[in-house]
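Report on the structure given below.
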Amino acid sequence: MQISRFSEIAQDFPVVFFDSYGVLRNHNGLIPGAIECVEQMRARGIHVRVLTNNAARSPVAAAARLAYYGLPGIPAEEVITSGATTRHFLEQKIRSGKVAYLGTPAAAEYIISAGLEAVPVAEVDFDKLDEIKGFAFLDDEGYDLNKDINRTINLLRQRLVPVVVANTDLLYPVDKENVALATGSIARLVEYVLGRQFAKFGKPASQMFQMGLDSVAQFFPEVSPKDILMVGDTLHTDILGGNSFGVTTALVLSGNTRADSVDLEVRTSGIIPDFVCNSIGE
Amino acid sequence: MQISRFSEIAQDFPVVFFDSYGVLRNHNGLIPGAIECVEQMRARGIHVRVLTNNAARSPVAAAARLAYYGLPGIPAEEVITSGATTRHFLEQKIRSGKVAYLGTPAAAEYIISAGLEAVPVAEVDFDKLDEIKGFAFLDDEGYDLNKDINRTINLLRQRLVPVVVANTDLLYPVDKENVALATGSIARLVEYVLGRQFAKFGKPASQMFQMGLDSVAQFFPEVSPKDILMVGDTLHTDILGGNSFGVTTALVLSGNTRADSVDLEVRTSGIIPDFVCNSIGE
Amino acid sequence: MQISRFSEIAQDFPVVFFDSYGVLRNHNGLIPGAIECVEQMRARGIHVRVLTNNAARSPVAAAARLAYYGLPGIPAEEVITSGATTRHFLEQKIRSGKVAYLGTPAAAEYIISAGLEAVPVAEVDFDKLDEIKGFAFLDDEGYDLNKDINRTINLLRQRLVPVVVANTDLLYPVDKENVALATGSIARLVEYVLGRQFAKFGKPASQMFQMGLDSVAQFFPEVSPKDILMVGDTLHTDILGGNSFGVTTALVLSGNTRADSVDLEVRTSGIIPDFVCNSIGE
Amino acid sequence: MQISRFSEIAQDFPVVFFDSYGVLRNHNGLIPGAIECVEQMRARGIHVRVLTNNAARSPVAAAARLAYYGLPGIPAEEVITSGATTRHFLEQKIRSGKVAYLGTPAAAEYIISAGLEAVPVAEVDFDKLDEIKGFAFLDDEGYDLNKDINRTINLLRQRLVPVVVANTDLLYPVDKENVALATGSIARLVEYVLGRQFAKFGKPASQMFQMGLDSVAQFFPEVSPKDILMVGDTLHTDILGGNSFGVTTALVLSGNTRADSVDLEVRTSGIIPDFVCNSIGE
């Protein structure tokens, strides 16, 4: 596909949504040129938001993480996590009580901040299952897959409660060659063996795009999808979700999608970004 | 599951979203009590919207249809169709040119009103495929499945363009015993044989819920999902979509879901409505 | 992948199974060199069988078809069709009565030769559904998809009987550019909307490989899978099925799989042929 | 569905295939009447085989297990395991070298007895991946899911080799209420995240039925599927596989399928046993 210069296409949009991992930073650290890219947008008055499929840390921690990697000036208010959309769901659908979860204590904050009690699957009392009012797949760490996946399956077979998946990513990169199972894969496995369908958050689902739009609307009331450029490195999340929400989409080749396979992946998936760029630094 | 009286639960919500077929009317005509139900809501100042997975007719035609069946006072402005969310997508993602489609001429209005040229698949010139800028699955009628499904597959194999599915319903009821393939099934088949993933509209996708929310916000600016009751007859569209969007959900047993199987369907699907009612007339 | 000369690898096997379309012939007619290839095998005393995912014609008609295209000396006894494995199933599982089907009258012979009465879906009397003892997806022609697909769905919703799919192919080539829906796609769609799983025949299922083995065993009693080379043009049927049955597999590039995409298709599918050849004529 | 007495239907068949867990024994130990049932068959000269989706132990160990639970007289020669069909595949498709696996050392015997070197995934040297000639999913125990599932995914992304799944069961019962993930679920997850399709063994695949038929044919040369009754407790493995292979099938309600849900499971799955019995002891 034709490669566009990111700086040239971005300047036409009053609002830019960035995915985080693979776009702003990757396993090598910050993407070269990321700082200048964001500074130029600030200078132009472009509204910036970061949309990250992540329920492992809070927006505050996610912003701190970007600062740690050397990207300054992304306040927590400009970071939209899939955890935040998940908390919204929990607030609406589960009024009170205990929510069992798979994830880290940090991820459990999304349950606690919804006014609910978070119980790790490993600590669920199967003699008092009726206390459990919901279940959340939050993160791929913080538990023992050997034991807790079976505890999860048995809990959900015996107790019918709302189940939420905070992140539908299947894999995430851990270094140049290797990947690891993400929350979405664990949830998908449980859906498959139980024959069920859970409520899912994170791109490509549209809740995060809407939350980003609402966040910008506080400062730019008449904002609509046509004002927004979504920048991501993954066809099935950033680009499919952005296309479905009706925003313009730019695929960058600094993360999951590689230059030597982008044509093929687009052709076989049928998910078509409006633009393809090497990275946000070019 | 416990059966609630609809009139009692509805009065607690300032906004009610109704699915149309199976909720307001079914193959027997209007649901008994539907007129009184809507009148009471008007009297109470409840904001009413109809969310229908339908790209076969315009909101005006859909409202007229309800009036024809005897339900007065649902103006077109209060009807949200999946066709309308599809048109929104086409406007954003395809700036100009021809869009090939499967559906009726009435359904094609959603393409034309997006400022695009609508071409039935049967009339696509395969020698000028580069004129085709997009493809839309609009309706299950208006074409010859024997020929046009293969034309669609070959068009999409040879031409890489955005594809939109205006309605993900798999089946719809045609009478008490029988069903027919809906647009979603045709699109799913093409996705399956091509190994692709199309942009999809209609419940359970959230665009219609958002469009309903935005429509109410003109009159009730501070409206949020917690103010809304979604009333539907189908677990996988109305209830899953409503739950994911964070609104309260009520399943009625006057359509797709029958009283003698509701417990089982909820248990096996894991999709849990907040309330179950026999119909909106009780 | 490395390209081998077919003549060199074939000579090491006492038994060779050929797929038909894409291997012996394609839309251009007979594969150049096919006649010499088969003659050489005869001269060497190699046992030849043709395994074709086809329930549209009888082994006699399939053999005649090959002769018509110029390939002599493939007697009907050496042709194994997926229709034959389907008939075997019908004989075993449905002792008597009417079997409804989608397909041509020629395909229906497989039902009739099993001692059963074949009824086209279009002619099923829905007031006497209890007469229907089974259902068969036989072919992609011989019926009106617009009407008969819905009749099939409604029949199977109202009547619980064994269902058989005579051919799991999804698509078949009709000319150099174009494909058409095969029986497997129609059956898959019905499985999907009904949430059911039908009994399936044709490669990659192993019944045809076993029938081929049994057929050879009449003349070569100690034959085992290690004696057999399966030659096919499709990874998901010929090669996956052959690998699972434990025979050696050779992929030819004269049909569904093209030279410019074979590496990628093997890598992405994970289905690995033991050999890759341009065609049986080289 | 109508409940038949097992003793009455079994007497009509010269050959009976039993699934093991849920049919001969369950979490309570031996099924009441199992000993008498098998003794009567011996007395009648009925050929008995046990077909078990199990690659965790050898036929010898599986027979010993049955004897341990109090069922005498099932020699190892009459036990067909999915591990045995897997070994057959490995022998045919991987001539020599190292095969990486997930499972216990006992399961690895199926690799070793195929003349290959078995390497647990945890011990694979990623700097010498080209030594790995194949991969086997053997068992759900013997490894650390937290680490080894990711090692498996990365190995298979970097090294293209034949992959075999020794058992497609998704879950197995561990006690009256609880289940645990079986090998098939782990393999399915890896297939899903990699978008691949592995060679699969164990019911419903037909290799075990064929191996059972071949085993009986040594003593009863003219045996054919119509002579065989397959007895199982699981619709998707025993009954679907038996139906597809063309044998008569009997579902027993002493294992996975419960009396209070059998009608529904048959109706929703469309997998129809020829007979339903409470247990082999009645």
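Miscellaneous remarks
We just call them A, B, C and D in the order they show up, numbering each chain from 1.
By definition in this document, a residue touches a chain if its C-beta (ideal position, glycine included) is under 8 Å from a C-beta of that chain, and two chains touch if they have at least 3 such contacts.
Here the structure is a predicted model, which means the values were calculated and not measured.
The minimum number of touch steps linking subunit A to subunit D comes to 1.
Least step count on the touch graph, subunit B to subunit D: 2.
In summary, the pair subunit C and subunit D forms a contact in which both copies contribute largely the same residue numbers, shared numbers making up over half of all those used. Seen from the C-alpha centroid of subunit A, the farthest chain centroid is that of C. Taking each chain's centre as the mean of its C-alpha atoms, subunit C lies 27 Å from subunit D. Chain geometry summary: the mean Cα position of subunit A and that of subunit C are 44 Å apart.
Here the CA centre of subunit B is 40 Å from the CA centre of subunit C.
Within subunit B, the positions touching two or more other chains are listed as 268. Judged by the touch criterion defined above, the protein chains form a single closed ring in which each chain touches exactly two others. Within the complex formed with subunit D, the residues of subunit C that make contact are 88-89, 91-93, 156, 160-163, 194-201, 205-207, 210, 225-226, 236, 240, 243-248, 266-272, 274. Here subunit C touches subunit B in the complex through residues 144-146, 149-150, 153-154, 157-158, 170-171, 177-181, 185, 188-189, 192-193, going by the rule given at the top.
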